[in-house]
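In this document, chain identifiers A, B, C and D correspond to the written order of the chains, with residue numbering beginning at 1 in each.
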Amino acid sequence: MSQPIELPRWIDIGVLPLVNLGMALIVAGIVVAGIGLDPLQVITLLVKGAFGSRAGIGYTLYYATTFIFTGLAVAMAFHGGLFNIGGEGQALIGGLGASLAALAFAQRLPTALMLPLMVLAAAAFGAAWAAVPAALQAWRGSHVVITTIMFNFIASALLGYLVVNVLKEPGNMTPESRSFEPSAHMPGMHEALGWLGLAWPKTPLNLSLLLALAAAVGVGLLLWKTRAGYELRTVGFSPDAAHYAGVRPRRQVMVAMMLSGALAGCVAINELAGVQHRLLMDFVAGAGFTGIAVSLIGRNHPLGIVLASLLFGALYQGGAELAFEIPGFSREMVATLQGLIVLFSGAMATVAAPTLARLYARARRPVAPKPAGVAHG
Amino acid sequence: EPAVIYDMGGKFDKSFNEAAYNGAERWKKESGKAYLDFEIANEAQREQAMRRMADKGANPIIAIGFSQGSTVEKVSKDYPKLSFAIIDSVVKNPNVESIVFKEQEGSFLVGMMAALASKSGKVGFVGGMDIPLIRRFQCGYEQGAKFANPKAEVTSNMTGTTPAAWNDPTRGAELAKAQFAKGVDVIFAAAGGTGIGVYQAAKDGGKLAIGVDSNQNHLQPGTMLTSMVKRVDVAVYSAAKKSNPGVSVLGLKEGGVDYALDKHNEKLVSADMKKKVDAAKADIIAGKIKVADYMADNACKY
Amino acid sequence: MRGINKRFGAVQANKEVTLSVSSGTVHGIVGENGAGKSTLMSILYGFYQADSGSIEIEGQPANITRSKEAIALGIGMVHQHFMLVDPLSALDNIMLGAEPDWRLQAARAEVRAKLETLMHDTGLVVRLDTPVEDLPVGERQRLEILKALYRGARILILDEPTAVLTPQETDQLFVTLRKLRANGTTILLITHKLKEILALCDKVTVMRAGAVVLDCPIAETSLDKLAEAMVGRRVNLGRDGGAAAKPGAPLLEAKHLQWHDALGVIRLADVSLTLRAGEIVGIAGVSGNGQSELLEALSGMLTPHGGELQLGAGHFTPKAWLDPARARALGLAHVPEDRHRVGLVLPFAAWESAILGHQKLGRFAGRFGWMKQSAMQADTVRMMESYDVRPRNPQLRSSKFSGGNQQKLVLAREAIVKPKVLLVGQPTRGVDIGAIEFIHGQLRAMRDAGGAVLVVSSELDEILALSDRVLVMDRGRIAGELPIDDCNEAALGRLMCGASASEQEQ
Amino acid sequence: MDEVLIGTLLASTLRVSVPLILCALAATLSERAGVIDLGLEGKMLMAAFAAGAAGATSGSLMLALLAALAVGIALSMLHAYACVSHTGDQVVAGMAITMTAAGLTVVLGIAWFKQGGQTPPLADTVRLAAWFTGAGDALQAVPLLGPALALAFFGHNVMVYLALLAVPGVWWLLYRTRLGLRLRATGENPAMVDAAGLSVKGLRYLALAFNGTLCSLAGAYLVLAQNPSFVPNMTAGRGYMALAAMIFGKWHPVGALWACLLFGFLDAVAIRLQGVTLPGVGTVPVQAIQALPYVLTVVLLAGFIGRARAPAALGVPYVKER
């Protein structure tokens, strides 16, 4: 009954997530049909919008870049046994760091120095913002889930204050900082490909994508190839074994959360250095929460996260395109789907497991009439 | 085909954006052609939305609201062949039409009406986001109120400092209730969707309220004294019809701003009140009354 | 109870258990840790469901699927791990689930009145209005019994009630239990303390590995017989008659170690011991008498509240106690009792588990914090070969190895660094006979190479087979020390069961 | 003049606190039974939408309330199904509900009402009316404290009084009834509750049903009393603030009430201090006041101002067999 169900590995990491994703899509499809749209048409247009043109692909990858950062952030903390809901706030404060660096130095420094400095600042500020809940969890036992939520609100208030009262240009009515000098702009993919002689339409997609992919590789290497990652995962799986192995759990809590915060902070590079070129108040726009869904679907593995980010990037881009194309379709449909994915792939991840186990068992039985058909079902 | 990009608050804010929407709809009806539109849900979308419109070949692209100023400036440079229009902000690119209003003049008129309708001599102002543009409304309103009744007291509040202030009816209602408790009995809300809360509070408290941007008299018939209409609809309509780059400033004279009188508020506006206000309107147009412009020197001097 | 079977995942906790208890008696149940005693009783109480088997109460077949039904049948259970809600008052704890009125105040008044008489009749006195978290353990124990009696229990199950009690409290409890028996209550008593069985019970059942191995009236048995039945089959693993130990210099010296748990129960009362080069010291004792805590304190996993420790060149006091990393640096290795929770990380690949604790070793460290995985995997393969771990696949998940192979892997890992001091907890728990032999051989080889080995085991045979010197622990103390030549099961059994030692102490 | 200021400030505090109080009580009930609720925000938002949609289409206050209740309770049951029946992660489930609600309300709103996700303004018959205005007017006449008290405590709508009554109600349920005892025990030691012959699942489902009811009322209040219609994302973080208040109130209904009133008071003050220059202080950074509840909660959680003890079994799904 409530005994853990043993499924073959390929079902566990291959089929089950797809089944869960499928259930979320089905429910979303019902909603789409319920508001009078044709789910098939929506899906077709969505895929076309996301992958049908180079511009569409550019946007998809641009959104995916942000989600890779936040997804990795969630996964990093998760491997240390922590649930970081504070990606949103850490990204905001990372944006503050990157912007301060840009506003202070971009006039004087060349791009080659400016961009690394912004990355460092974004990561450092994000890490610092995550360090406080981490320290409170490690030394005072306050639960990181609750404190990171609180820190999201505090971050947004802090940024609001700074942007409105300190960073806003006197003449400007919009709460945003002045524009960064060109040396603080992350080159767009169209420019970069242009240098190589390749044509690419102008989209928000910028070289941050490479940074995100590098971060994914880096996270993978760190977790599975370095001692630090080994110790982190040990704490995440079994604090007792970690203690036995001479690992200090408190230190690992700090390390995991700060790395997580640093990754979230890098969202600012894609959004601010790459696209907006100034500090806005709401540039994260829920990406921190999307990161949770991305990480859940990606099974907390960098490769999975990159793929899941692509999925979400496509949903966002396709959704935006749909909002243009179909009256009555709003981007919130994508937000809804995102919530449903978290529900089915996260909270109800094992609901389908017994059924799958039964189907699998039936399929394996030699007397079963059509074993293969069931196994793939 | 033209494209309209609405600001935060959305095209059904019953106020500023909705006026733009009405203008676009009018164009659609008269021309029989379709137009594209998009509602901004967060800051980061502005540029994407505008570029997407431009990529689709929309022309002209009409951006509603000062917050889109910097985006229009950036994007219009990249698409020199397209024409753009921006409401409430000035962008000095050759392919951009900037349309701004003399809100102070319309506010002056509704300020007068507020002071004339007030029994307590105390009138209120609820602004949206605390920016010079809204201060310009406030300043004109104050001046008008004092013009009609030199002893009038004006209580003013701003809802916030971020764009969230445009769409927070709860706060609007709270601010209105606070002002009513101080004896204010007419409130002018220049706060986008936040105003809905103010009007509801006025209705609940049996006080008067003044709408903004669109004619909002129908929202709470019987307690809406009037509305300071800003003809964003006209601006959008004419921008869609034909774009003429440069800056146009629309005041009372140009019919860009006015106060609203219709079946919903005719009982509230007495003949005497109407006479006085119309006289002032003529004087402003004639230049006999100078209405202070807060944005000219960032101060309310009258 | 007839033919009861219960399986938890891979563990067969009860195998064809049949138990019959006559009413109005005290029936003892003894057995090693994990023998399935608690599981059996929990099935009777409806907390778990048997996979198969039947239960009859007072001649009537009873289908007990929930605790509620057991309670209705007059069965009450005092769980091994107290089932109490800490922040609630004693009174609320007693009536929870059996409140006579939906209004709490009225219910409390009614229950309080009943309890006053019950407390008076049974002598089980509890401060009813104190939150449980402020009650001492003995009082919590009485509270648990009172709870069962309040629900009208005629059959009372007590799961290791004395494990947490002081001798005085135990005596008091026994007075109460005798009184209850006199009033017609049937009592099922689980305990590890054989002396208690002899003192109190009318009949006794011995369980081992989920099955009943002995069932007889108390008059027909003795402490020695019970000890033998409990310790179980005699494995034919005699001492390797040959080389006697030649103990050398002391490598580890612990003095007056003291530790108490969060409840304030003293787990280490005062333990001093010395480990010398070239000897195996065995620690015998019924589990739960401080052996686990001793191992943890010596390996740095737990900081004692009192005492001191000399390990090689390091001297430690509770203020600055040894930590596991430092312990390893000083040449101490530790095979933990719980290989699943502590000794391995089950989701890890075998090679990852095989470097647990050694991740900082120089030969594994690449530049920039890189791990030399090839070196790690090569080491793992070597460990697997020399300790015959099967399957010999360093990439396989740790959880996929059988218990014996997991244990060999842990032992190999700790031995490969050639430690000066090796602490081993339950070296062969759940390990098959071939592996036992092999593991014992390895431990002896380590001694012969000049290492000091401390073995904690609940298997007397193992202690007898391995040790050069045996310490017996009882209630957090060293109850006695015997050189191996003076050891026999009877002597150890008496010390273990608190017979001679506690009598001498009192 | 001053008493008017005090009176309106108190009145405003009460009005602003109501959704916080209801949600904090909802959280108290579920967390006392051992279920973390990060779905408050979503439940409240969906209930608000249901009230707005039903109210606008049917024009009936009763139907609006019923719709809110049905939706809020249904979401709580979904929460229970995922976390209690299937031992899913409570935090993830709550997040999922909140995320889904934020999207779904807008999607449905646009589809049904074509007003950018808003519902049409509700007719007066659907809105909750002011109560005790007569008593308030009478009290106005009393010298000294009269006007302040009248402004502060009379003339609110029924939900304000209901929320204030719900506090002793929940307190009474938790501390004066058998069910309350069982709920509290479930949050502390579900194994014991199970051993006492009670159903842990049943109790947690029940706690979540109460939780859904209270969240629904909070959502309905936003639409039927505070605002004239549903507006996308109108809960604006109140669910999280209520959670903070519940923690700040140390998982006790009365503590939660005081925390909510404190947070509401800060909000009311922040509304009034917007852009106001105080002598000596300068312009008050309203953001600082807005962030204060969260900062206070973190400080409390860190144990710097007294220790808050969460129910021992909070967030742990109950499984018998390891």
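Details
Basically, a contact is a pair of C-beta atoms (placed from the backbone, for glycine too) under 8 Å apart; a residue touches a chain by one contact, two chains touch by 3 or more.
A quick note: this is a predicted structure, and the numbers were derived from the prediction, not measured.
Set against the C-alpha centre of chain B, every other chain centre is closer than that of C.
With each centre defined as the average position of its C-alpha atoms, the distance from chain C to chain D rounds to 48 Å.
Inter-chain centre distance (chain A to chain B, centres taken as mean C-alpha positions): 39 Å. Look at where the CA atoms of chain B average out and do the same for chain C: the two points lie 78 Å apart.
Put simply, the C-alpha centre of chain A and that of chain D have 30 angstrom between them. Residues of chain C in contact with two or more other chains: 8-9. Among the residues of chain B, those in touch with two or more other chains are 161.
Among the residues of chain A, those touching two or more other chains are numbered 3, 160, 164-165. Chain pairs that touch one another, listed by label: A-B, A-C, A-D, B-D, C-D. Those residues of chain D whose C-beta lies close enough to touch chain A in the complex are 36, 38, 42, 81-83, 86-93, 95-104, 106-108, 110-112, 114, 117, 232, 237, 240-241, 243-244, 247, 285, 287-288, 290-291, 294-295, 297-298, 301-303, 310, 319-321. If you check the complex, the residues on chain B that touch chain D are 10-13, 39, 130, 157-161, 164, 167-171, 173-175, 177-178, 181-182, 193, 196-197, 199-200, 203-204, 219. If you check the complex, the residues on chain B that touch chain A are 36, 38, 41-45, 47-48, 51-52, 55-56, 66-67, 69-70, 78, 89, 129, 131-133, 161-163. In the complex of the two chains, the chain C residues touching chain A come out as 8-9, 299, 301, 323-328, 334, 336, 338, 341-348, 352, 355-357, 359-360, 364-365, 368-371, 373. Across the complex, chain C is touched by residues 175-182, 184-185, 188-189, 191-198, 309, 312, 320-322 of chain D.
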